[in-house]
Each structure stands twice: as structure tokens, then as C-alpha cells.
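Input: structures, listed below.
Both complexes below contain chain A, partnered by chain B and then by chain C.
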Partner chain A sequence: MNENLQHWYPVASSNDLPLRHVYQGQLWGRELAVWRADDGFVNVWENRCLHRGVRLSIGLNEGRELRCLYHGWRYANRTAGCTYIPAHPADAPARTICNNTYHAIEAHGLVWSSVEPMGDFAVPEALEGQETLALRPIPVKAAPELALKHAATYRFSADGSAANDTSVEAKEGGYVLLSADGAQMMLFVQPIDADRSVLRGVLINPTEDHLALLRYHNSGLSALRDVIESDAAKLPTPAAIEVSFSKVDADLAAMPERAKSGPKAELRVTVAQKWLASDGVMGFRLESLNEQLPTVQPGAHIDVHMPNGMSRQYSLTNGPGEQDHYTIGVKLEPKSRGGSECMHNAVQTGDVLAISAPRANFPLRRDATQTVLVAGGIGITPMLAMAQTLKAQNLPFQLHYFAQSEAHLSFRPILDDLGENLITHLGLSPDETGVALRNALASYDYAHHLYICGPGPMLEATRKIAGDQGWPEEAVHFEYFKNVNTIDDSSSFEVALARSALTLHVPAGKSILDVLQENGIETPSSCEQGACGTCLATVIEGEPDHQDVYLSDSEKASNSKILTCVSRSKSKRLVLDI
Partner chain B sequence: MLDLNCKDSVILNQWHPLSSLEEINKGVVHKTRLLDASISYGIDDEGTLSTWLSNDHLKAGQPYNAAAITDPLPVKHAHGYLWTCLGEPPETLFSFSEFYESDRRNVPTGVFGVHVSAGRAVENFLDMGHFPFVHTGILGEEPHTEVKEYDVEVSETRDEVVATQCQFYQPQAALASKEGAMVDYIYRVPHVNCALLYKSSPTDESRNDVIYLFLQPMGQEQIRAHTGMCVVDDMNSHEDIRYFQQTIFGQDKPILENQYPKRLPLDPRAETPIRADKTAIAFRRWLSRKGLTYGVIPVEA
Partner chain C sequence: MKLYDYELSGNCYKIRLFLSILNKSFETQTVDFYPGQEHKSPPMLALNPLGQLPIIEDEGKVLRDAQAILTYLAAKYDETGEWYPLQDPDRLGEVAQWLAFADGITGTASAARLHDGLFYDLDVEAARAGAHRLFRILDEHLWFAEQAGQSWICSGNHPTIADIACFPYVILSEEGGISRQDYPAIRRWCDRVKRIKGFIGMSGVFPTSAAA
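Presenting the complex of A and B:
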């Protein structure tokens, strides 16, 4: 273990990061892509896209996401998680595809990072609470240790006159504190590689004429560079640092079909804000207690485990790159079985909740020439995430939002930003809704896509109208709140698991999922009522008895997929790819 | 055995392209690099070709005299190129029958020096997913970004990687086409450093245009890419065809030179493939099975 790797070093100046730029930095031989998102967050990432190794520093900073120049993969601000793979527009990328990141702290006009930090970043004591001015960085072709040795010989004066006697204090971790007649500066050495460094000076409580100071020190430090380099030229050039690249997850070596983890509440969040988002709908802003929240993809939902022991699924309204929180909207159901009632009344700001990582079972294609989003009531929540994504990428779309009245429109600030893309339909009768839908869906064309989320009857009506007006099934995507079908679990049958080499008996009264979990087979699940699609499995043989509302009619007819939480088997035996 | 820096017999025992035959000035000594070694070559008026490890007696630019070469290397002229070998030469070179069809136009479209490994450049040639982002408006265009399912196999008999049923939307599929269409492709990798692409000819749908990439590994991270087209096209001039292909390669070059690491990692866990990368996955496995170490990062034992 090289202990130098544990120190924090400045790797960029704040003014290296203008709007929408990606800066290429380096620390101990490791290349860095440094970029500031529109929300001000500074990202320091390993400078290679995990797909094919292309430098991310030549990528595009789109404000919320960084886009790789080679294949257009998008990576979210803060998490570096991949949110979109254009080559497979219908799939949500595996949540765990994530570029390697380094810690980043911005302070005193510099961005600080560390390869393997031992502890949290602490501002050097002499800078704490002081006015500072970061100088122009001076690259030096010399080993970091040599540069540091010479840094201690830098002489300056407070007023730009001839250099005065300077007292020198060397500090652990690659910098020196220099004082000359009352003026103080810190001189840091950023190790680029074994034979290259950057001198980064920070003046403490500088006098007012910054330009004069910058010029004075620029010429002083440039002269110092010449001295260091002539000294370095006498020594043999050290070999460049060999950088090893960490391997990607074994799961990712082959393109994974779907994450295989059980129903977990692996995250802890605090309710940072709770507010009335519209008549009857409560908004919740959830923030992580300590760790970075996993990457959000548009259309994703989370399980929220409530204080009363229940768990419910809620779609995230987050726009692209909003990774410092999750926002959900909860409608108070008059016939609440305890879920929405508990969220509205029992859960308070400051409470801690257990939630699952987001699941992207309702993915958004971004290769459509026109996208139509249809939301009914609280069905607006996943549509807000989708609409913000399409808007950020300048893709053509319309959001049709059906609600009882103006007062029932949730999340007004987000809606207001959508401008002309938003079309609201207020207080319509079922017949009037049908007319509005027929108009909205009048013109289907190649590469148009429709996304629907809302109450069951409205969703059914929209699907039917779309079908009648020529929308092919593969262009119509939907998400039900819940499965209102009565589940018939009276059958009994055998399930053979091809990959696990197990045959299990599913008795009446139990679901396939129950039996799998009882037998220790890890199967992801979430809503457990056939609505969310998390427990989807591939059918190799046999005829499923579909009882879910997740699969489309043709997917059901193909008998190649099954939702194990509610669907059963018509044949005596079902072979699953588990 | 020659005394060479390169010790990898897998790469030494291959034919390597040095130059298009059309583009060699006769009667003069030429010099280039291959596998970290300096190589000289020349052709005289009778068409006698030689290659040899460079020496001080016959410097580049001096008159070429075939009789003065004391230690010639093996040579082959095939598919319009001069090939040589620094190890045991294989008996045959891969087939490229279209090149010899009488009504074809064979157009060498340029040689490009690229600071990258040969494997990275071959992979780029096999890749469709980058068309909308790197060759925007020419070979692809957003939002038509989907790479549809296709087939890949490693042909045991011919020892080559073949990808078929490939399809991609192109706004201008070739110089002679005016509007967007789904275009069919077949890719062949019949040699560790050479790849060919077949796509339906815009002027005659029953036939394929062929684009080839023959790489000369100068070092592990430095190549010369010999490119060319073998087309059924009586509309465009040589110059137009060259210009088209040079535009395409000019767009790929900065991407290739920004791949990091420069050598092709063969460990399946080094990078993150997706279904669209099936050909690349098969190519990496094929190289791994051959035991190639030059210009790649082999899988750790």
C-alpha cells in the first residue's frame, strides 16, 4: 500500500470547470474526468467509460448527465451510474453499471481528491475560515518529491517588492506553508505521475489587487519551475506509474437480463421534506442518511417500508441527474388499507424509512421520434420523471395529464417547467376523457411511443383507443397501480427450475414466488400482486396461467414470460429459467 | 530465428501488410516499421518484390536492387498488397474473392497512422452502435440508435469470426445512396489484424460492396491502417470514394486514440459488453484462445 495514495491533493482549480465542460486531470498516474453538473456538484471520475474504455474527458457534459462520445451511454451526476444505452433503447441498463469514481471536495478555489483516502477531507488548518486566492497552476516536469523539496525554497513578499525572508513549514501530504512579512501562502504539489507534478499555490488573506498578485506569483513560480526542471534533468527519469484497472462486476461481464436479488429494503433514508403536492397528494423528499443513493432511471419505482410494517411501491419523480434525493408522491386513498393513511398521517419530516433500491421495470425509450405520455391522477409521478428526461434531451413529447381540477395537479413547479409539452385535461367525464384520448392518440407513425399510467379503467380505455387507432402493441407501454383482478390460486402444479436443477410443488393457496422463497431461491419481488414486473421469469416449457397486469397481450400469448407472484400454470408442469 | 523485440509467436507467424502494391514507387528502397522492427522493401521494374530487416547498406530513398538483398524476408502479394512475415509464414492468406472479380473497382482509400493497438481498431471496425454518435448524418443518426439482434459464429474450418444478419439504419449508406435505409451487413475477421465488411451495394442490390481494413502493427500501441473499398459503383470517381472513406476514418481516429488502456483487454471483466457487442466478445475470445499477447492485455492466469 502506497500511503501517498491516501492523502488528499488538489487536482483542478474551480475555474477549470466552466459551465458544461469536462476537465482532464491526473493524480498518481490515474487519469481523471472532472466535471461540474448544473446543480453545482463536482464529479471526479476515472477517465474511462466502462463500456469500451473511451476517455470520459472527451465526452459531453449535458448538465445532469455525462454522455460518452463513442456510443452515447449516459452516466448520472453524483453516482456515475449508467442511465441509458442507446443501442438497446427498450432495456433499462442494469443498475450496477457504474463508472469508477473518486471522492471530490471543492474548497478554496480548488478541487481536492484522493486515490484511496484514509479519512474525510479536512481543509488544511491555515486555510480554515480565511479569505484565499488560488494561483495559476504551474506544471513541472519533475518527480513530486523533488518538486516538493524545491517548493520550500520559494521566496516572495506581500507587496510584490523584492522577495523577503520566508519561514517555511513543511506539512505532511505534499505541501508547504510559507510566510513572509505577515503574508502567507500554501504551496501544494499535485503528483501527476512519477515524473510530473503541478505546483498549486493558495494565498491566504491576499491584498486587494488580485491581478497583480496573480502576475507576481506566476512569474515567481515559473522561475521556480525552471530551477526544478534543470535539477530534474540531472536525475534519471523515473518510470511512469503503472495503473491497474479494477475489474467490472462478474454479473456485468455478460449483459445481465435482470438483477437477481431478493425483496430487500437495503437503503435507509430520512424524510427531509413532506408537503402537500396537490389536493390529497403528499410529496416526500427522501434523502440518504450517509451513502450515495443508487442511480435513478425514468419510470423507476421503490418499495417503501412503513412504520406500520406495510410496504408499498411508489414511482420516483426525479429528473435526470437528480441524485441527492428521491421524491415520491402519495395519494391518500379513501379506502386505504393503511399504506397511504400511514404515509399521510404517521410519517413526519425527520423520520427514517427503509426503502429498496429503485427498480426500472417501466423503462423509457429515447429513440422515439414522438413520445406521448398519458397520466391519470397520481399516475403523473413516473411521467414526471420521463417528461423531465425527454425535456432535458430536447426530444419531442407531449404529456397529457388528466385530473379532477386545477387543485388536483400535483408537483406544480415541475409541471410549470414543461411549458408547451404539458396538456392538462381537467374535470372530464369518462366520455369526454375518451374524446380527449382519441384526439391525443389520433396520429400514430413509425417510431412513436406511448406511455400510460393511471387508474385501471382509464388505462384500459387508453390501451383500447390506442389499439383502435393503429398503435401497435409494442409501441404502447403501461404501468398499473395495482392488479384488481381476482387471483385464482386454486390450481396445483409442478415447477421445474432449469438452472437450479430443482423441481418444486406449488400447492393451491401458494404462489410460485412463495414456494421459490421457501426453498431458498433468491427471486426479486416487489408489489407481489402482478403489477410491477419485478419477479418476472422466463418460461422454457409449459403453459402459464397469466393473472398479472404487467405483460402485454402478445407477451402473454407468447407464453415465454411469467410473473411468479400471481400467475400459475395451466399445464401440469412449468419449466422456468431460474 | 531473427533477433526481434517482439517474442510473441502468434503475431510473428502471420502475414502482415506493408503497402498497397499500386502505391509503391518502383526502384527505390522504402522503410517502415513492423512489430517494433525496422523493415525495408522495394519493387523493381520487373515486378520483383523484396522485404528485409533494415540495414545501413540500403537506406530508404536509395536505388533498389533485388540482387543486393542478402537476407530477404518472406513476401506475398495478395489482395492488392505487399505482405511479409517475421516468423514462420502461414501457407495461405485468407480468401477475398470479390477482389478478383473483373467488374469490381478496387480503390485503396488511404493509410492512416493511429496511436492505438490493432485489436482496438479491429473492434471499432466491427461496431455498429457508434454510427449515430461518431459518424452522425453519414452512417447513422439519432434517434435510430438500436442495434438489432444478429448472429455471430467462429467458423472452425476457416478460423474466422463471422457476424451475419446485421442491420442498421443509415441516413446515407454509401456515397451512391441519397436517402436513409436499413442496411444489411456481414462482418468477417479472417486474420487477427484484418477485417472485412460486406454491405449491399446501392447500385446493385444483389451484390455486396466490400470495405476492408488491413492493419500493420508497427508496435503494440501503434498501427498503420490500410483501408480500401472493393465496389460495384460506376457513378463515383476514385477521388469521391477515397474522400468518403477518409471522412469516416477521420471520425474514428480521435475516438481510437482516446481509448484507455490502448491495448485490447481480453479479460471479459475488463470492460462492460452489451448484446450489441457480440462480435467484439467473440473476437476477444478468439484472440484469447490463440494465445495472443502482443498489443493486448491477456487474461491473467
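Presenting the complex of A and C:
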């Protein structure tokens, strides 16, 4: 174990990271892809796509996501979680697909990182609270130890005149503190590899003319580099550091733990902000207590567990790469069973809530030549996430937002950014809504896709109009708030679990999910009313009695999938891949 | 206009790139540079006794040498007058200085690439060391240009043919075993070149993302 790996080193200058650029760095033999997202966050990632190992430093910094140039895999700002795989446009990538990241701290014009940090980053004492100026970094073909030895010989003066006597203080962790007639500088040696380094100087309380100082030290440090390199040339070149990379992330390689039954609440968040997002809709900005929040994909929802013991599903409105918080919108339902009433009245700013990780059961394709988003009322929330994703990628789309009035339009700042892509339809009667939808869906063409979220009747109407106007079922994607079908649970049947080698009897009055959970078969679930798709299982044999609103008609007809929380069996026996 | 062209040549790419930026149409005649060595054949030697590409024919005029062709195209077809600033002696001098520098890049980085890619028999280590020497100079120059708020090789707010002349063999350097990891200012300048309106790539030259 090399204890140097535990030190923090500067690995880039702040001005190495303009927007939409990927900087190529290295520390102790590990190549780094360093990029600043549009929100200012600095990402330090292992410089290879975990798909085929191509350098991410030749990838595309698209501001919120980094796209690998090889097969177009996209990774989110902050988490490095994969958000999109073009070869599987209709599917949401598994949350476990995540690039390897390193820590990153930006301070005093430098970006600092560490391979295996022991403890948090602390600014070197001499820099703390001081005005500083980071010098032009000077790469040196020499071992870090040799470069450090020579760093102590650097001589300079405060005003750029002839170099003065310099006092030297060597510091642990790869830098020296140099002082000459009142002026101070720190000279860091960034270890690139066994035989390569970078000299990074920082002036402390520099005099006014920065450009002159930068030029003065650039020529001084370049001369020092020449001395170091001629010295290094006399020594044998050390062998490059061998870095062993795990082929895949440990979480990916290991068998996942059996999922616990029921709705999950593995994350703790605080309500950082609660505001009226429109008439009757409360917005909540949720921030993690300590850890990085898991990657958000457009269309994802979370379970929120409320102080009153209930849990409800809410779509995230987050745009791509917005990974420092989750935002949800909650409409106060006049006939609230307690959920929205609790969120509106009981939950306050500063409260801690338990939530699940996001589930991407309503994934967005990014290969459509035209995307039509249709939102009714609070159905706008997943559409905002989708619209921002399409906008960020310059993909063609329209968002049709049906609401009662101007005052009912939620999340105005996001809407305002959508410009001409947003078309609002205010205060329309059901008939007028039908006309508007027929116009919006008039021109289906190959590779057009439609996404709908809204109240049940509007969703039904939109699906019907789309079907009538030639939209094939596979181009129509939808998410219901809830399942308003009356569930008929009068049947009884047998469920055979192919993987578990278990046959169970499902009596009238109980769901398949109930019976699975009673028998110790861990099955994830969320809404438990046939709307969200979390408890989806694969059918191997038998004819399901579908009662959900998640599957499309053709998916239902194929008899290959079932939502175990509400659907049952028409055949005496159902064989599931569980 | 006709360009005697070889797809994998960085010097031919300079011309294709600049004509694309100027939005000027042209035809190409493919020359079997490798392995056919057609550029050394008598008909080609009649056009260019040096036996090199690119060559253009334009309205009866035959012109060789990438930097010379860029100069000609800019002076004749660039309506903005920015790419080759004939009216500005300071900048014109800078352009000429960096066009000569581009020749140095061809002699080193391009030579290393010919060795690795097309099996030329030459001292590749010397070629690589020479390229690194030039890249250090260019990186330092571009770093201080950025400090002065300038984006391009020559002073002023508009790129010149010096940027076009230097870009191809810089961006293709890794095909000759020359990493650009030590040259962050060069890497940023490459992104800026890729964002010039009308930019096109070639084999081994990839696009970058849109500016923020």
C-alpha cells in the first residue's frame, strides 16, 4: 500500500476546465477525465468508459452529461451513473451502471484529488484565507521525488527582478513552501506516473500585475524543468506504475442482494425548500443528508414515506445532470386520502423524509425524430424531466400542457426555459381538449414517439385519439397516476415459481404479491395498485388476468408480463420467472 | 476547383476543412498515395515535381503545398478578409510565422504518424521528440493567449489560416504515438477549432460538443 496514494494533490487548474471541455489528467498512473458541468460542479472520473474502455477525455461534455464517443453511453454529472444507452433506446439503464469516480475539491484556482484519500481535503495552511494566483503548470519528464528535490531549489523575487535568497520549507505530501523577500509561493509536484510529474505553483498574496508574474514564473519554472529533465536523463527511467483496474464495479459484479419486499425507503433527505409551484401544487426540493443521491433518469419516480405512515409515488422533475437534489410537485387532492394533505400541511422546510431511490419505469427514448409530450395537470412533472433532457440535447419535441388556467401552470421557471417547445392549452372543455389533441397528434411518422401523463380520462382519450390517427401502440408511452379500475380478486389459482421451485396457492381476496411476501419471496413493489410497474414479473406459462394500467394492450395480449400486485390468472396455473 | 486528394492525409484535410469553412464547392481527384505511391508517378510529378500532396487546380492555375494553397484560397475566396489579414502587417507577419511552424509540425508529428500508420522507415523517436518540443512552444503560446482573452494562434478575435495549418497534425498526433496530455491549452484550442462554423472532421478527427 502506497501511502502517497492517500495524499491530496492538485490535478488541474480551475482555468483548465472551461465549460463543455474534458481535461485529460493523471495521478499516480491513473488517468483522469476531468470536466466541469454547466452547474459548475467539477467531476474527476476514471478516464475510461466502463462499456468498452475508450478514454472519456475524448468524449463530449454536453453540460449535464458526458457522452462517450464510441457507443454514445451517457453518464450524469456528479454521480457518473449511466443515463442512456443508444443501443437500448427503449430501456432505462440499470442504476448500478456507474463509472468510477475520484474525489474533487476546487480551491485556490486548483482542482485537488486523491486516489485513496485518508480523511477530508484540507487546504494547506499557508494558503488558507489568502489571496492566491495559480501559475501555469509545467509538465516535467522526471520522477516525482526528483522533481520535488529540485522544487526546493527554485529561486525567485517578489517583483520579477533578479532572484533573491529564498528560504525553503519542505512539506509532507509533495510540495514545498518558498519565501523570498516577503513574497511566498507554494510549489506542488503532481505525480503523473513513476517518470512524469507536473510542477504547479501558487503565489500567495501576489502583487498587482498578474500577467507579468505569470510570465516571470513561467520562464523561471521552465528553466527549472530543463534542469530537472537533464538530471533525470542521467538516471535510469523507472518503470511505469502498473494500475490494476477491477473489470467491473464490485456492486456490478456481485449478485445483488435479494430485494426487500414492499416499498423501499433507503434514502434520507431534508426538505430544503417548499414552495407554491402553482395554484394547488406544492414544490419540494429534497436534498440528501450526507451522501450523493442516486442517478436520475427522465421519467423516474420515487416513493415518499410521510410522517403519517403513508407512502406515495411522485415523479421527479429534475433535468439531466441535476444530481444535487430531487424536485417533486404535489397537488393537493380535494379527496385526499391523507397523502397530499400531509405533504401540503404537515411536512415543512427542514423536515427529514425517507424516500426510495428513483425508479425509471417510464423511460424516455432519445432516438425519436419527433417527440410529443402531453401533460394534463400535475402530469406535468415527469414531462418536465423529459422536456429538459430533450432540450439539452437539441432534440425536436413539443410539450402540450393542458391546465385549468394560467395560475395552474406549475414550475414556471422550467417552463419559461422551454421556449417555443411549450404549447399550453388553458381552460378547455373535454370536447375542446379532444380537438386540441387531434391537432397535436395529427401527423404521425416513423420514429415519432408520444408520452402521456395526466388524469385517467384524459389519458384514455389521448391514447384513443393517437390510435385513431395512426400512432402505433409501441410509439405511445403513458403513465397513470393511479389505477381506478375496480380490482376483481374473486378468482383463486396456483402460482408456480420456476426459479424458486415453489408452488403457491393464491386464494380469493389476496394478491399474488401478498402471497409471495407471506411465503418469504422478496418482491419489490411501490404503488401496489397496478400503476407504477415496480412489481413486474415475467410469465413463462399460463394466461394472466390483467387488471393494471401499466402494460400496453399488446403487452397484455402477449401474456409475457404481469403486475403481481393486482393482476391474477385466468388459467388454473401460472408459471412465473421468480 | 479540383483538389488532388488523399483521404488520410492531414495536409489534404487542411484544404478540405478550409474549403468547407469558406463554403466553397470543389471536386476531388483521389490519389493512391498508399500503397500505390501514385503521387510519385510521372503525371503527378508533372503537376508537383516534389511528389507531394495536396495540389489544386483552380481556373487554370496549379498550386502545391498546403500552406501556400491556404494562403491562396483565403486571399481569393474569403470575403471577410479575416482568415488572411492582408491589411494588417502585424497579424500578417504572425500568420506567416505560424505557417512555417505548421511545416515543423508536419516534419515531426506527421512523420511519426507516417511511421506508425503507413510504415515509413524513419527515426520515429526523433520525430516524436521534435513534435513534443513544438507542442511545448505552442501550448505555452496558447496558454498566454488565453490569459490575454484570445482564442486563436494569431492575435485578434478571428481565427486565421495559421489555425487551420496547425490543427490537423496536432489533432492526429496520437496516431503517431504523441500524447497531448501535457498540453492542456492545445487541447482546449482544438475544441475551439472544432466549433468553427463549417468545421468537418476526417478519419481520426472526432467532433466535440456544442458550446455552452
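In the analysis below, the second predicted complex is superposed on the first by the 562 of 578 C-alpha atoms of A that agree within 3 Å, B and C clash if a C-alpha of one lies under 4 Å from a C-alpha of the other, contacts with A are read in each partner's own complex, and residues count from 1 in each chain.
Criterion: a contact is a pair of C-beta atoms (placed from the backbone, for glycine too) under 8 Å apart; a residue touches a chain by one contact, two chains touch by 3 or more.
Keep in mind that this is a model prediction, so the values were computed, not measured.
By the touch criterion stated above, A:P89 is placed in contact with chain B alone, chain C being left untouched. Touch criterion met: A:R52 reaches chain B, while chain C stays clear of it. Of the two partner chains placed by superposition, only chain C is touched by A:P18; chain B is not.
In the overlay built on the shared chain, the residue A:L27 is in contact with neither chain B nor chain C. Within the superposed three-chain model, A:L69 lies in touch with chain B and with chain C [touch as defined at top]. Residues 58, 69 of chain A are contacted both by chain B in one complex and by chain C in the other. Against chain A, the residues of chain B that register as touching in their complex are 123, 129-130, 132-134, 142-147, 254-255, 258-261, 265, 267-276. Across the interface of their complex, chain B is touched by residues 31, 47-48, 50-55, 58, 69-72, 85-90, 97, 245, 247-250, 252-255, 366-369, 395, 447 of chain A. Residues of chain C that touch chain A in their complex: 140, 143-144, 146-148, 180-182, 184, 187-188, 191, 206-212. Partner chain C is touched in their complex by these residues of chain A: 12-13, 15-16, 18-21, 23-26, 38, 58, 60-63, 67, 69, 136-137, 139, 211, 214-215, 218, 222, 394.
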